[in-house]
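Would you mind keeping the following structure in view while I ask a few things?
The first chain written gets the first letter, and so on, giving A, B, C and D; residue counts start at 1 in each chain.
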């Protein structure tokens, strides 16, 4: 059973903006890359190549707290873990760290869907191998600031 | 005094992913584009061109709820409003609508910073023209799901 | 018969990089947005919504010359025209102008494909409505620098 | 003296589009990532962190030929080499390969600039360490299709 993953990455030039730091939208891509690396580590794929429309995991919610900027060529680690496993949903939490410092923390919720013949998204239960191979992490949940 | 803006946009091809819908990270860019259009409508700029490092608004928090996918060539509207004006922070809330349907809702908090000589970000009070030209919207605040 | 289009756009914050200018990869997206606006102006769509895999236009070549940087909030125009209409290919040329100045010029070639049952791309002739509604522009062709 | 580099990468979900393949603009980012990895391998940085505006390498030209699509989770290699070293310019050529197959080939030309006090870009000679540590590759030049 898999419940967490550590994904390493370097911040690239095109991911920065004119303020000289990584653009805040880019962190969602980092989190997603870490999620997919986590799933690969468990032998799972968010899309099956044979039939890409069989199922997918559109996101239904995301939140991020940004604490310190990431800059070009910073090497960082995304520590991602499965926070909640629902019947159709997977909720991940993660921290993005740059050395000893937490650059950002967040949560991301995905829901398992299939594409209908009319090209609509329909919620379906987690695929069997997802349900069998993934379990909730024992980590204490992140608590987010209220604003 | 300005407190809200409506920003119209079409979803572009490169903004979609292999699931056939707009990638979830792209919504943060839509929200930011709407924020900047709002500030322009009030005669404000997030970066002064003469001295780009004078101040900026890095984000310290963001949350999004996704309800319906956006697809290539969908025309949508971002309705953004100033939810809270702090001494250094601006908190925006927004809905992204596609016709009569809400595709997403969210909140984004930015903090006013200047870049120091050592290239660090230092929190500063809102620039005078931001403080004078912006006010909190009278709209009822969005209430987000707890997961 | 349609052969050209003018597409207006503002450079957005997230499209810049730490050098303070629009990232060079972003210009390809501007060109593609202009191409799709051109096709829409002729009543054509690069993907049919009913059956998205029916045909598509993957790119087989692109070239760009960059002359002046675009910056955040610059308003620019992409002037795109159909340079060559082949049996399966469409070759576009374009200039990106910021006021009176040419910021970039380029060429982009797309080839009409359908996705086979094995998820391969197979070259097919231009759809009938593309062949009927589009014609080559009478403009003198752009001449690119040799390096 | 350094003249080439091999950079490995996996195609990420957000880099694909609704056609199910990596978006053509993304290849420019792959090439740039490989260029920066090449420079790092030679102990060089395209931006000095102490003074980010000291110099930079805006691009003045790029061309790409796309031969086969890259798909989500494809592992590929960018082989990049220095094709021409001018007094102010660096011209790179590269191939992007997926296993034994060439997915794309291209060329990218950058010019060394500093940012003036008026925030203009001014062409300057290559920095001394770039001139000393880089040399042209002995590889036969890529020949591009004429269209």
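By our rule, contacts are C-beta pairs under 8 Å (C-beta built on N, C-alpha and C of every residue); 3 or more make two chains touch, one makes a residue touch a chain.
Every value quoted in this text rests on a predicted model; they were computed, and no experiment measured them.
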Review point. So chain A and chain D: same face meeting same face, with over half the numbers shared, or different?
Key: same
Check your understanding: Computing the C-alpha centre of each chain, which chain sits at the greatest distance from chain A?
Key -> C
Practice item. Determine the centre-to-centre distance between chain A and chain B, using the mean Cα coordinates as centres, and give it in whole Å. Key: 22
Check your understanding: Just how far, in Å, is the C-alpha centre of chain D from the one of chain A?
Key -> 29
Point to revise | chain B and chain D, separation of their C-alpha mean positions in angstrom | key: 32
Exercise for review: For chain D, write out the residues touching at least two other chains, lowest number first.
Suggested key: 13-14, 18-21, 25, 29, 32, 47, 49, 52, 71-72, 119
Exercise for review: Report the residues of chain C in contact with chain D in the complex, numbered from low to high.
Suggested key: 18-21, 24-26, 28-29, 32, 47, 52, 56, 58-67, 69, 84, 91, 107, 109, 115, 119, 121, 145, 147
**Study point:** Touching residues (chain side chain D, partner chain A) in the complex
**Key:** 12-14, 20, 29, 32-33, 36, 40, 45-47, 49, 52, 71-73
Revision key, fill the gap. Listed in rising order, the residues of chain D that touch chain B in the complex are 13-14, 16-21, 23, 25, 49-50, 52, 71-72, 119
